[in-house]
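Order of writing sets the chain letters: A, B and C. Residues in each chain are counted from 1.
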Amino acid sequence: MKNSKIFTENLYLHYGSKMALNNINLAIPEKKVTALIGPSGCGKSTYLRTLNRMNDLIDSVKIEGNISIDGINIYDKNIDVVNLRKKVGMVFQKSNPFAKSIFENVAYGPRINGISDKNQLTEIVEKALQNAAIWDEVKDRMNDSALGLSGGQQQRLCIARTLAVNPEIILMDEPASALDPISTSKIEELIVQLKENYTIVIVTHNMQQAARISDMTAFFYIGELIEYDKTKNIFTNPEKKQTEDYITGRFG
Amino acid sequence: MEQHRIFDNELEKLTRKVTQMCELVNQQVDNTLHALVNCDKELADQIIENDVLVDKLDVKIDKLCQNIFALQQPVASDLRFILSSLKINNDLERTGDHAVSIAKRIDAIADYPDILEELGIPEVCDSTTLLFKDVVNLVKTHNLVLSSDIFSNAAEIKDKCHEISNKILEEMMQKSEVIVGATNIMVITNLIERIASYSTNIAESIVFVVEGKIVKHKKKFYESLDENKLDEED
Amino acid sequence: MIKNRKIDIKGFVIEGLTLSSALFIIAIIIFMLVVIINGGKSAFSWEFLSAFPKEGMTKGGIFPAIYGTALLVIIMSIAAVPFGVITAIYLTEYAKENSFIARTIRFAVRTLAVIPSIIFGLFGLGFFIKFVGVKMDGLFLGGELKWGQPNILWASLTMALLTLPVVIVSVEEALKTIPRELREASLALGATKWQTIKKVVIPGSMSGIMTGTILAVSRGAGEVAPILFTGAAYYLATLPHALSDQFMVLGYHIYVMTTQSANVDQTLPIQFGTTCVLLLLTFTLNIFAIILRYRIRKKKIN
């Protein structure tokens, strides 16, 4: 496929002796939203976490195969995982702001990157909050604790925190699953806006969400990639029976 | 708080396409009625050619609606709008087909402009043209004031067409030599009646979009706005 | 069926028994407090807190014992807290959950926690004084006796060993309250493991670390056995001013007064008074720790 940002070839992943991903081949396009769907335990989150090597934190994980971003194999032994994660940001299921002020939450990434100039930090933080569509809601209380924000605001703050590191790819692990419908639609709208500048990969249990916001959809089932196509095609005329059964709610 | 939604773009696109379809079919109807009155064979050929455009747009709108249904799960006014768009699209496509059918018969009746005149067909054509203009406006503006005009005008046109048909039948019974020509005129009259009928359908769809009420099969809707009674009839 | 209510005699009896034993414990505590406060209140005065003992410790104050206790817990904390925090960080952040080394350390910590405190005293005497101290004297002072005898440094270090398990366990608990999501959030932003620990984990568990420290201090303040052979003195006319000095301490002072005093009856108010001070000290520290713990729990629930 043209303009692919992330190439996955023959990816296998084991937790101890249990196979979690079985021969995944996937090309994720640049500046598009790619949704990973499938029933619980299908491997979609596991796959997502291979893209910023978050699985490295788990002792028993064994990975074979290739994932390359911009043509560089991210499992090469010369890869600096810390730099990889700056390029590939991640937003989690549960909003997880630090017990710090709103400002410090967003400034966290730039600070660990060695930026300490107050003006520069302020500028980065402001821009990130604007891009995450939360600036207007927090601009007057930058020094308040981030824990005082609502769930939806916290999640957008977490997105701002990710944007402040200036990544190229944003991974989202069910970013709206714990939110009410209004907050959810705000996040979805934000995701659609963000795809102009970022490549977004999103795991979601909510098929309608995948349908609404994604350009490409990958359906995972028991560690395998069953079908990967344009979202339009997946939701109007899937090729595989398993995909059809899943998206129509006949199983899973 | 009013919020821009992801699929507002899609809905706008659908609105655009339906309007475009409406204008295209209006042009076909306009042209075909004009060609009929003036026995313009060239214009008739052009109408037949243009039907491809109508068909293409019809498929496009169907697909767009399918995608919106599959990807956006529309509800409430959005749902009504898309359902109605599908139906309006269907009605417009049929109207377009009827326009083509009329155009195809112009050649056969081109020699009897006097008879058309005598039967009062040009007047029916004029009112049908005006009727369809109203339909286009209604689809564009959703201004329900137009819909009551459409309902009454369409009913008039239909009555007129029935009259004409009866006249033709009488004529045919008296003079057997006119049967071939008269049949063609009769078919054309029926097609015009159908066009008026589709206009009513489209207007009903728009009422459904705006008010969420199903008014088809309820002819007296605008005469007696007794909602309770209507609800009971459900 | 529903109306046929029977009186549950068994349940009634059990409830009564459990309640009365609970009340019994409260009664004991109140009784103890009343006796101690009643006995000690006549001794309480500014002089009691600020003066040296006089006339063979039958009169005067207990200032050197308070001072010594404070010094002991400070030095002990300086030794035990960083060591304990570092160990706890290793266990929670770096060691693999079920690795041999982590299990060994945990086993050692648990064992350390159940060793009787007198054994620590003996260990302090044997290791710090007779081995480390004597070696130091031999190496640096040409055999002159300075470190090879009981002093406040060895006593504090012995006490630090005793309190180390308390520190490690409570700091470990505090670190575990930091949710995995926060660590992942930090790592996902491109932070290194150490940056994550330094900027997210430790600040977030600061109150837990404080609790551990306070619990350790309050435990140390009340213990006598570990310092019996390693530095506590019966009576000193001066305050300790070097690490190699001996010192007086509250717990030991009570013991001395009740068992070694020339006239036990005459010193009774002083004994009770000293007990009051020691109790007050440990109570205050414990209440402080309880408040901090409560705050952590509240945070954990949120």
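Rule of thumb we're sticking to: a residue touches a chain if its C-beta (ideal position, glycine included) is under 8 Å from a C-beta of that chain, and two chains touch if they have at least 3 such contacts.
What you see is a predicted model, and the numbers here were worked out from it, not measured in a lab.
Overall, the chain located most centrally, as judged by its C-alpha mean against the mean of all protein C-alpha atoms, is A. Two chain pairs are in question, A-B and A-C; the one with more C-beta pairs in contact is A-C. Ranked by distance of CA centroids from chain C, the top chain is B. The mean-CA centres of chain B and chain C are about 92 angstrom from one another, to the nearest whole unit.
Each chain gets a centre from the mean of its Cα atoms; for chain A and chain C, those two points are 48 Å apart.
Residue positions of chain A touching 2 or more other chains: none.
Against chain B, in their complex, chain A makes its touches with residues 185-186, 188-189, 192, 208, 211-213, 231-232, 235-236. Taken together, the chain A residues at the contact with chain C in this complex read 52, 54, 57, 59, 82-83, 85-86, 89-90, 92, 94, 96-99, 108-109, 112-113, 147, 158, 161-162, 165. On chain B, the positions that touch chain A within their shared complex are 3-7, 66-67, 70-73. Every residue of chain C that touches chain A in the complex is listed here, in rising order: 96-97, 179, 181-182, 184-192, 195, 199-200, 203-204, 299, 302.
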